[in-house]
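First chain written, first letter: the chains are A, B, C and D, and each begins at residue 1.
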Amino acid sequence: MASLNDYLLVSGLLFAIGLAGVVLRRNIIVVFMCLELMLSAANLSLVAFSRFNTVNGLPDYKGQMLVFFVITVAAAEVAVGLAIIVALYRARQTIHTDELASLKG
Amino acid sequence: MTLAWILLFLPLVAAAANQLVLRKSPLVPLVSTASALATLVLSFLLLGKTTSPDPIHWASIGDFHINIGIRLDALSTGMMIVVTGIGTLVHLFSLAYMKEDEARNRYFTGLSLFMFSMTGIVLADNFIMTFIFWELVGLSSFLLIGHWYQKDSAADAAKKAFLCNRVGDFGFLIGILMLWGITGTLSFDAMKSGLASFGTENAAYFTQNSAAFSVILSTAVLCIFCGAVGKSAQLPLHVWLPDAMEGPTPVSALIHAATMVAAGVYMLFRVQLSLGADVFEGLFASNVIAWTGGITALVAALMATQQDDIKRVLAYSTLSQLGYMVMAVGLVHGEAGMFHLFTHAWFKALLFLGSGAVIYACHHEQDIWKMGGLLKKMPITGITFAIGTAALIAVPFVTSGFYSKEEILAAAFGKNKALFGIAVFVAFLTTFYMTRAFVVAFLGKPRSENADHAHEVGPLMFVPLVLLAGMAIGSAWLTGALSAIDPRANAHGHTEGHGIILGASIASLVLGLIAGFLFYKGKDKDPVSIPLFRNRFYVDGFYDRVLVRYFQDAFAAIIHFFDELLINGLLVGGLSRGAASLGGLFRKLQSGQLQGYAYAFGLGVILVIYFTVFL
Amino acid sequence: MPAYYLEALTVTLGLLLLLAEAFVSSKSKAWVGVAAAIGLVFILAFTPFAIGPDASPGSGWAKWTLWNFYQFDPLSRFYKVFALVTTILVVLLAIDYRKILARYTDHPGSENGTGEFYALPVLACSGMMWLASAKDLAGAFVALELVTVTFYILVAFMRRNVGSLEAGVKYLILGALSTGFLVYGIAWVYGSTGTMDLDLIAGMLEDGRSASIPLTGLLFGIALVMVGLGFKIGAVPMQVWIPDVYQGAPTPTTAFLSVGSKASGFILMIHFLEPFLSSELTRGPVLKLIGVLSIATLLFGNLAAIPQTNFKRLLGYSSIAHAGFLLLALASGAPGTDNGLGSAQVVSVYLATYLLMTLGVFFILAQVRIQRDGESITDFNGLGQTNPTLALALTVLLAALAGVPLTAGFIGKFLVFQLAVNAGLWAAIGVAFIAAAAGFYYYLNVVRAMWWVQPGQKAHVTLPLISKACVAVLTIATLVFGIWPQPILALLK
Amino acid sequence: MLALIVFLPVVAFIAILLGAPARLTAIAAAAVNLVLGTYAAFTWKCGCWDFSIPVLAKPAMNLAFGFPDGMSAVMVLLTVIVTLAAVLSGKAPEGREKLYFGSSLLISAGALGAFAATDLFFFYAFHELALIPTFLMIGMLGRGDRKEVAWKITIYLGLGSIVLLAGLVWLANLTGTFNMGQMVKAAGTIDPAAQKGIAALLIVGFGTLVSLFPFHSWAAPAYASAPAPVAMLHAGVLKKFGLYGLLRLAVPLVPEGMNAWLTPLLVLLLGNILWCGFVTISQKRLDGMLGNSSVMHMGYIFLAIAALVAFPENPLAKPAAVLLMFAHGVSIALLFGLTDRIERSTGSIDLQDLGGLAKSAPTLAFLFGIAAMASIGLPGLANFSGEVLVFLSAFKGYDPTKGLGPVQIACILSIWGVVISAVYMLRAYRNIFQGPAVKSTESAADLSLADRIPALLLILALFAVGLYPNLLLNLLK
């Protein structure tokens, strides 16, 4: 059976991939997906911690509870986020991050 | 002793009344003159009194007091006679001399202010008070020299006088402070005991460092001497006195010949008396003072030989005579110096007022080469002037100047033969230039229209001249009443070398007379031209062009430049520019690029983790 | 009244407003705002009666398990009041700003698109109020996201305005990024301690069990949570979004962000750090982290503000700068005692004063934006001549922001410096002084424009009634609290 | 009941804002304050002037005024005198009367509050309050490149205030109280390392406010540019706050710290006297010259402070400093007031453009002459008594057998400043009033009777203290 460290390693890798995507990709949709990836990585960690943190022989449910919250919140975030991105596309005809630099200094 | 207080404050009251109440009233000159006369009477009443009134605490902090107090002794009461006596006569003379001046009231107010200040110096019982009035005579001198302030030369001369005195006062104040540190007192009375206890308290130290006492005291005394150098116009601060002749002539007589310029000598002698003359014997400072006096006497006399302005001749003569007095103090024969001060005051005032009368008669012509033949046109003035000259050149046995100069020569002979030589030579020069001035101005025939139309001045002017002429002859005997001042009364005894001194004195007189007549009898212009002397050894030019313009002004401009550059530009500007450019750099980081932000964010996270977990 | 009623009421109010909004005529959506403000004032009136379980242990509600997630103490009450006051003022500000909102949402003249703008702050407010009471990381996360997601909408609200949209996208991406870090951090804190309840964590760190906690993992978690919270308050290096978003967002949103969002970040940070600061195990590294953050924030915020020309953007940097001072107070790590104010109290006082000055400035800025159609510093030129009373008020407010004594802003800085001196944070104090000096420079730069520069062709600026009243109240409060800060302190008791 | 004196100008300011006639209100308030303030200063020992209302319970903070010693009384006296002279001699530009006189009153109120405050917080705060109208006035109604100058002084003094604040907060922390009286009682508890740090902050902070070298470059341009009442009030009164603070707080509370900085302080004060003295000599305009001269004269007061630091038992230093502060305040206010007159009657204050003004304006010349002489340090005028006491205090600890100590050396060098100030003052007087009249001065108007009142008020103060310094020294006992 996989140990806690294995889960954490995978989770860390996922998180790093997500972060790398956010930093490197130019398309806002992709960036947004990478952000979701980071949240999933966090969720994985939470579940793993929860599984290995036993209370009275049972996994601690609190971590898993947060996972549900995170998923819910992420859904809301995506809904709002996509709406904004759509609005932006309507106004600017682009969703490339490079072209979003009118506010600076 | 309320009389003494009245004596001190009466002139101030007169000045204040003139300035604040009477203002433009024609009474102003009379009020000033009356107050001068009253102070003369008071001075006579106080003559010989030695009990001083209680001082006023002027500034007190805890048990430390700066006092305004009056010290009555033979020295001060005697000096008061000179100050008020000449002051009164000058006031009288001025009534006529300044009759047509539109700023007459300002002039008389200034005179009263001067009388107050001078009285303060003479009567002061402590150093701070001396310094206070020392500055005030400087102010009144400034005001009176600059009386005709609209003339550039007068305004400049007033400024110069004030500044030269300030330079001297720089040292004076330091000296007062140091002496205060040494003796622990500012009062003249307590100074001797203060010095003694200073010696005993640090006896162990002084036995180890034998020279230390002398060095410490010399430093303080020399600093104080700086004050006298400024006020009595000794080298190298002598430059203001000839220029001060820009003031009205009675002022020159009173302030720049008889009284104020003598204050330096008076003060030095006061210090000598307070600390004890024996302390000064062998003090390094004494030598410096004596030599300064001697050299001033010589240099001034040399310069006097080539002046054309009658007042300037007298001014350099004053310098030279002051040099004598300072030399005497430096030779620790202060009483000889004071004696000369007393006699000199009368006859030099006489000469100045005489020249004033001449100038007045010649419609403000001051060049002796444009005068001539005045003895016939103004006999009273001419004769009194001749008497004054005789006193100055020390015609033996009949003039007061002879007796006092003799004392100085004797002092020099006893102490320092080199200075004796200089003094004798100066005596010769004195005779020479005074003969020159008298011959050119009063003898021969008139050389200008102004001189041709000159006629005798009115009684208000010649009465003071006559009185002064009397004093020029008799003051040596009158001074005998003041035993502390008259060195002849103190059995100092200089029998040794008496003949040599007398001989040298008479020889220099005769030679000077002969040379003077030989060179100048019947001449229309100066047959001798020595540019070095005429241009006053180029000292004035050096001060003006090098010290003031290049040293002070250029230095100030350089400092100003660096003030702008370094402090305003680099320090202040640099800091603000540094902050602004760092801000600009930060601002560039805020590039507006989302990716860049994410990148910065990521880096920041790494740093945060690093700081928290690993550091 | 159980304290959580307040949040419940607020959420209800928000939902009702959203429903009602649909039925209000498109000409007069401002009434929604008025209703929101009135409703919030009512809720504000209830706050004195809110009590926690300790005050009434016998009652049924006091035994409810909700209290495992929710706490109520004076600090919570303070931040609930803070959130309500902020929201009321922001809604009022939005009412006076509706002209611009209308122009960039629907078309000028129609207020059709503006109704939600009054309801959303109410919902965000409920999130902030919950945050003030959060004592469990899960609950705190949800509340925080309620605030954040609402702000995504508020920032990008002017959908026909490119700047607003750009700001919205930037805020969205970076906000989501910080959420990612926050969740990941919470996961690690949870993993290390085995719980998300801050009280339990404190207990664990205190007693003998602390030996079983993997310190590195815990610190890693704390660091990541701090990143997430640092984003909210605008701590360097998580400040990147602030200038752009502040500049692009509608002015009421900017005001809300700068006051409400920052305050909720701080109260959460205070609660989150409490257990770690009281344990010797973590106190050192945490304080060091906050100290470093505060130095970086002070330096960046203040120096970068110097060359700014856009006033709104300047306020963004100013908001970073103030975060630096607030962090400095936290970095002092002073526990509150009977004899003196602790870090938490000082932060609260500072934020309260900050609320007054900042919102006052935003009220004026909004009107300048509307009436002179610009937000740069030059748009304030000559205000001292055309409307001296307004200029005087703005001068007072800016002076307060700069920390001039006898204004409320000075009290805050004074207390912060006092804490820092007590704690001996010399390096940070040195930086803070440079920062304060720079602050002097850039705030008074605006004052200079108002008084010393001629107005030229610029339009006359007058405040509408609501703004005028608010500015007057805020300015006077700034002055009064500057001399007599006792009421604010009383609120913390 | 000192609060009455402090807040009377504020009340008058509000009245002006509400529409009361600006000039009249200002003059009335200043005149009433002169009477009250003088009475208070001469009766300060009765203890009946104390005033206190609590503001904050923890840490205890009171809005409290009182006379902890004669120094406060003298400073309050100085303030009320200069205030009346300033509002009397001010002439507001058309339409700006409210701002002009209102600001002057606020500056006065701030100065009074700072000098009378016995609580550290208000001590500091009132000074800042006074600075703001100063900045505004210079920026709005100043001469020349007023904006740059006002900006500079704002930033400069703002910075100085902040550094000062650091020191004060530190001090309050260590002593645990804001009450300045109690702080002094707790003085012994401060450890030397902290003393050194606090002293450095206080010297730089207060020093910047007093234009201590090298933090002086704001002063001259600011005074040159400021409207007359502001220059009078700031140079005459408000600037003294820094010196007052050093004497009130730094010297008694951190004596060892101050002593550690003695030598640098001496160097800096010589920078004031000599460096700035030479800068003053090279000024071409009267206003710039006076501004720099006021910087220079601060050095003497610092000398007294240094003397006090070097020999804490020195009885002379503090009275000397206070006396000189008073004297300088009055004389510089007089000079700035009269400079304004010169400019109004001739249209110029460039030394090269003027000459012979004494002919057409003899009263002006006379009064300016007195002011100049006071500034030079002529006996009979207040500055002399202050300066001479300062010099004496510097020599108080002089031990001739050990040679000159640093304070004495500094004193000797600073006495050269007496010469320097004579050089530039007389040069200015010579160039403006003496010599032949030039075009601008030929028909220049002399002072009217109303114009003379403020000048005479100040001159009276100069003479009173100059002729009988015990008048003030008795207050300091």
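Assorted remarks:
The criterion applied here is as follows: a contact is a pair of C-beta atoms (placed from the backbone, for glycine too) under 8 Å apart; a residue touches a chain by one contact, two chains touch by 3 or more.
Model, not experiment: these values are computed from the prediction.
In terms of C-beta pairs in contact, B-D outnumbers the other of B-D and B-C.
Overall, the chain located most centrally, as judged by its C-alpha mean against the mean of all protein C-alpha atoms, is D. Per-chain CA centroids place subunit B at a distance of 35 Å from subunit D.
Subunit B and subunit C have Cα centroids separated by 77 Å.
Centre-to-centre spacing of subunit C and subunit D amounts to 43 Å, using the average Cα coordinate of each chain. Rounded to a whole number, the gap between the C-alpha centres of subunit A and subunit C is 26 angstrom. Chain contacts: subunit B has residues 576, 587, 590, 592, 594, 598 touching two or more partner chains. Residue numbers of subunit C whose C-beta contacts span two or more other chains: 169-170, 173, 177, 181, 243-244, 308, 437, 441.
Of all residues in subunit A, those that touch two or more other chains are 19, 22, 31, 97, 100, 102-105.
Remark: the chains found to touch one another pair up as A-B, A-C, B-C, B-D, C-D. In the complex of the two chains, the subunit A residues touching subunit B come out as 19, 22-24, 26, 31, 97-98, 100-105. Contact residues on subunit D toward subunit C in their complex (touch as defined above): 55-59, 63, 121, 124-126, 128-129, 132, 135-136, 139-140, 146-147, 150-151, 154-155, 158-159, 162-163, 165-166, 169-170, 172-173. Remark: subunit B residues 576, 579-580, 582-584, 586-587, 589-590, 592, 594, 597-598, 600-601, 603-605, 607-609, 611-613, 615 touch subunit C in the complex. On subunit B, the positions that touch subunit A within their shared complex are 587, 590-595, 598-599, 602. In the complex of the two chains, the subunit C residues touching subunit D come out as 339-341, 384, 399, 402-406, 410, 414, 417-418, 421-422, 429, 433, 436-437, 440-441, 444, 448, 451-453, 483-486, 489.
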